[in-house]
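Take this structure, written in structure tokens, and hold onto it; I'll ask about it next.
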Amino acid sequence: MKRNDTPVYYGDYLQLDKILGAQAFQSEKYGEPAHDEMLFIIVHQVYELWFKQVLHELNAIIDTFSQERMPDDELIGVVHRLHRIIQIQQLMNDQISVMETMTPQQFLSFRDYLVPASGFQSIQFKRLEISLGLKREYRIDFDKQSFFNRLTDKDRELLEALENKSSLFELVDEWLARMPLLEKDEFAFWQHYKSAADDLLASDKQTITENETLSDKEKAQELKDWQGTRENFDALFDKEKYEALRQDGVFRLSHEAMLATLFIKQYPEEPIFNVPFQLITALTEIDEKLTIWRYRHAMMVQRMLGTKIGTGGSSGHHYLKKTTESNRIFVDFFNTATFLLPKDMLPPLPEQVKHYFGFHYS
Amino acid sequence: MKRNDTPVYYGDYLQLDKILGAQAFQSEKYGEPAHDEMLFIIVHQVYELWFKQVLHELNAIIDTFSQERMPDDELIGVVHRLHRIIQIQQLMNDQISVMETMTPQQFLSFRDYLVPASGFQSIQFKRLEISLGLKREYRIDFDKQSFFNRLTDKDRELLEALENKSSLFELVDEWLARMPLLEKDEFAFWQHYKSAADDLLASDKQTITENETLSDKEKAQELKDWQGTRENFDALFDKEKYEALRQDGVFRLSHEAMLATLFIKQYPEEPIFNVPFQLITALTEIDEKLTIWRYRHAMMVQRMLGTKIGTGGSSGHHYLKKTTESNRIFVDFFNTATFLLPKDMLPPLPEQVKHYFGFHYS
Amino acid sequence: MKRNDTPVYYGDYLQLDKILGAQAFQSEKYGEPAHDEMLFIIVHQVYELWFKQVLHELNAIIDTFSQERMPDDELIGVVHRLHRIIQIQQLMNDQISVMETMTPQQFLSFRDYLVPASGFQSIQFKRLEISLGLKREYRIDFDKQSFFNRLTDKDRELLEALENKSSLFELVDEWLARMPLLEKDEFAFWQHYKSAADDLLASDKQTITENETLSDKEKAQELKDWQGTRENFDALFDKEKYEALRQDGVFRLSHEAMLATLFIKQYPEEPIFNVPFQLITALTEIDEKLTIWRYRHAMMVQRMLGTKIGTGGSSGHHYLKKTTESNRIFVDFFNTATFLLPKDMLPPLPEQVKHYFGFHYS
Amino acid sequence: MKRNDTPVYYGDYLQLDKILGAQAFQSEKYGEPAHDEMLFIIVHQVYELWFKQVLHELNAIIDTFSQERMPDDELIGVVHRLHRIIQIQQLMNDQISVMETMTPQQFLSFRDYLVPASGFQSIQFKRLEISLGLKREYRIDFDKQSFFNRLTDKDRELLEALENKSSLFELVDEWLARMPLLEKDEFAFWQHYKSAADDLLASDKQTITENETLSDKEKAQELKDWQGTRENFDALFDKEKYEALRQDGVFRLSHEAMLATLFIKQYPEEPIFNVPFQLITALTEIDEKLTIWRYRHAMMVQRMLGTKIGTGGSSGHHYLKKTTESNRIFVDFFNTATFLLPKDMLPPLPEQVKHYFGFHYS
């Protein structure tokens, strides 16, 4: 390793002249400097720095998955990077409390000078959403239109190019679907699994029908929900049914990826599944933390503006609450819990699967 | 102050024999001890201990407000206790991450032994909701019925008695409504305020109509929302209109309490409004943190069970997500932001108001 | 309030070209780009942005206190700003966990390119310390010398100029000392207080001597400590003794400020003391959070480097641990707990004091 | 899986009669009920519940390591449990903020009734320390004596029995030392490593000597520290020297375990080292979080009592600060950072090592 030949000074290295020289108050420009505009600017700049870091990790992860044949041992590094993203998300969620030290009235002291700027214009945030796997079609109308109405041509083109590239969701789906474990001894295993699932569902139905604390109306509702779960279960074993439900938006993962996910979540203590299980758990966590961020953000906006319009000219918090659920990416990893069986109902893992990757103790 | 005459031993004082002897596994009873059931029990017991503490503070606060004539300086102690509740809520929200270290499959190893127990049966949590101000009528059907279906008679009666007592919401509403500031010089002040509000709303309308980044459809929607805000503003100055909107659920605070809230939030730097402003901010925070807790809890249940039924025989997470917004108590304190004016548009605070309480520097 | 006449675009407003264009890797310069250098840069840039925000609040607070005669009602705004600083500190402390996602070996991949840059060169952090009240004389040798060895002339001069201005510690000390409450009826009150303190100390001594769980050696040590407390108590009532202990570094607050602090902490429920009590509590919190930050930072450095030298050429974590305690500013606000009496031993607050400021209900 | 045959009621399952019936105020017993004693009791009870959970996990981990020959794939479960402990620790650290909502004066309203109870008497906390690996000899005098002075005979005997069992530290040390990787091809690898280390140290020395920002005195000190690091490095390659330094308390890990740790931290991306690396990182984290807890706890006590004696008759915070560093367990895992080499200076991992466990892709 070489040494640097020019001595480094802390402030130069971090380019603090740029970083600390980038806070220009709109309120000052209009002759009424508002003390609290600093907080508004800095909170947003910090968010953008974290977005840059998250994108740095995310892009490296996407590159790893995009290799023709990703070496299995690179998955360890991917999980490490996802855990870093989660730590940053924790901080970003808590950061909302800092913004909330601004009272609604303090915000009013400079709000009108910001028109029509809007958080919708954060290109890095939209890049983050797209790179994770948010499709234009899932966005609610207002957000779809924001691509055309609120962005410069250059920014819109950049995002549209990104929408045409593989997202993390797609790459992970493909990677899961590639897992060859399902080709081996498949029939017997899934037969066994299906029969155990039938028992579990029958037991759940019994729990409902025998539950004396439920009214007739509740019972009817519960049985209807149970029926839905029953059908989803059936779809697991019937690709055609599965694809139909996927069209309806019940599932997003491909059928193969869904089965691989189930396998991994059923047998996480198997050495070959250890890192894949950590991958799935980390992506679940990222989806959860992003969802909490959206929800907290929506509430913060409500607290700051009530039903007043935001600086971008839209009534913010209703819109934002809608995106909380609609913009989730890895929701299938939550819903697979539906299909898990207790350990003692599980069929034994086929030996062929255990050995497929040849990942074993000699 | 007296000294104790019998020496105290740490474990006896804290009754650790009871506390640490209260973890009996259902899974053990059925011969299949599940390691992770301990976490499930202890997480819930910790929640119940915190609920006890929160109720201890909340009841003391309710007692303070319930006095014939609460001495104004007792409000300081109330705010101190609310801040303690907020700190505990922060911890309770973060505690969900501890529960989430249990994988769905670990949960399945003992779930079936718990039927039909359910978090709906936490009497302390229901007490907390009721004491804060949640009315039976706001609860969604499922939760209404749970009073009859899931509780013992004794527990239900206890809660029904509590529903007939004044809640914190009601007491705070009455206290705000009692603020005599509005009787003084009212006409001129509100005239001034109304005219400033008209200017603000006109400016907001202009922001919408001149916003070239909005499509026609968006613009129409924004103008409709603006019209709603306009009507809410009008209702502020017209008790009859206000009561009509209150019947519709747009507002929960009484008209007088709403005006007092607005006053306080407009002039928080006035010494007489300092503690009341802290009160309102703290209640806003409590509502926000409780809402986040509900949302995170719902997501955790989804992660654990997917769409499977819970131990209480209900598909948990859909239900829980519904309560996130419906069970909010102090949502008016968020929405008042709608009516705030920037400092420089505000009419000067009438001198009579400043001096009403005689709370001033001589 | 005027409206802005030029439309604002999010990215321009936040100057994201500067903010997001300020991450130049040293490792890239030397031909061995290290993925993890991004985290190192961004974590430090985020810290510097928060420091800017904290200094923005701190300087406004210092300006408020520096007025010839600060209007008492401005204290409310000061406390609000201190609470904002505390929220930011909470985030800065948690941010260490983000840095710790970098393994020691990842750090080694670019460490050598940073020589001799060092966190000691963060001018904003040194400004923060100085503005809070850290004197050069309290700094340990190494840190004293860093002013001469590690800073550019310009930076050193800036800091030296700041050292000659009044710090928040000094301004708060003067403000507390100015509190006229002590001039009134002083004799009787302090007589009463002294006698109650004597009782308390006698009771504490009894607790020690009667404690059968203490060995003789422990008892001797406890009695010695008790004797120290006794002497500190005596100094409260004897300015000369107090000043002698202050010279020795036992106290930093002036005698008058110490007595005012005691008063405020004894009677926080008095309306006139409500905001001052919040001020003292907030400064205690700031000192505590800064101390925790130093400690966590020192441990993080140990985890990253062990006993290796840092990029600045010094063995970091030993040094940093030393500063944890030595650089505390408001430690007197912790130690005043020594002198507090239980409510029921307190002399009644003199009427003159209650009315001095004329801050009362008519 | 069987179903339960008796319906379960939430409150019965959690034994809430015990849990919520265990808060008896000492202050009430003496006729002066203190509102805030509830917080004191409940905060401590919650801590004890978390200690029970942590011990539940820790004991399971110890059992796993205590097996004659632990199957390597059980390590995954161990790491999962350690991560759960870390999440709980995070909560326990934050819980100090809840306790700090009690003002020193509120604490005084019941402190005297608790004499001579003390946190030293928390048997579960002492069990936790001992099970992690804290030896009596490392405890400071005061804490050593507390075993005899403050505990009942039964409690002391229980702890002494535990001190004679293998702690997690010892078991992990043995497990690391057993790693056979060092027997293979050892000579060539360590030769290579030693030569790279020599280069690194020479480079560090150069950094010091060429550093113009250091004064002569500083330079001398740095070179002395460097010399210490140099000697520690030499000890790595010389078991006798290592054992001498271990006697002096410089190291706690056995020589073999230290070398294995180094290996693992140098090559964490190797599949065989993935889980061991996670193990070491988790133990580092646990040590760090426990250390932060001790430090925050000490500061909280200082804030509450100043230099007054605690209820156990000892001046708390000085003592507690001492234990912060002295009671650390896995400090070697921090200090190994000293010996890490940058990736590009590392010798290639010997093929024999890669294959030793036969843990590979076929």
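Order of writing sets the chain letters: A, B, C and D. Residues in each chain are counted from 1.
Keep in mind that, in the parts below, contacts are C-beta pairs under 8 Å (C-beta built on N, C-alpha and C of every residue); 3 or more make two chains touch, one makes a residue touch a chain.
To keep track of the chains, here are their UniProt names: A, B, C, D = Tryptophan 2,3-dioxygenase.
Since this is a predicted model, take the numbers as computed values, not measurements.
Q: By CA centroid distance, what chain is farthest from chain C?
A: It is A whose centre lies farthest from that of chain C.
Q: More contacting C-beta pairs: B-D or B-C?
A: Result: the pair with more contacts is B-D.
Q: Provide the C-alpha centroid distance between chain B and chain D, rounded to the nearest whole angstrom.
A: 39
Q: Roughly how far is chain B from chain C, centre to centre by C-alpha average, rounded to an integer in Å?
A: 33
Q: Mark out which residues of chain C touch at least two other chains, giving numbers and ranges.
A: 1, 3, 32, 112, 115-116, 203, 207, 268, 342, 344
Q: Residues of chain C touching chain D in their complex?
A: 32, 103-105, 108-109, 111-112, 115-116, 142, 145, 148-150, 203-204, 207-208, 211, 213-215, 218, 222, 225-226, 228-229, 232, 265-266, 268, 281, 284, 288, 291-292, 295-296, 299, 302-309, 312-315, 321, 325, 334-344
Q: Over in the complex, which chain A residues touch chain C? Could you list them?
A: Residues 1-4, 7-11, 13-16, 18-24, 26, 29-32, 35, 38-39, 41-42, 44-46, 48-50, 52-53, 56, 60, 80, 83-84, 87-88, 90-91, 94-95, 97-98, 101, 112-124, 152, 155, 311 of chain A touch chain C in their complex.
Q: Which residues, counting only chain C, touch chain B once they are in their complex?
A: So the residues of chain C touching chain B come out as 1, 3, 72-73, 76-77, 203, 206-207, 268-271, 274-275, 342, 344-345, 357-362.
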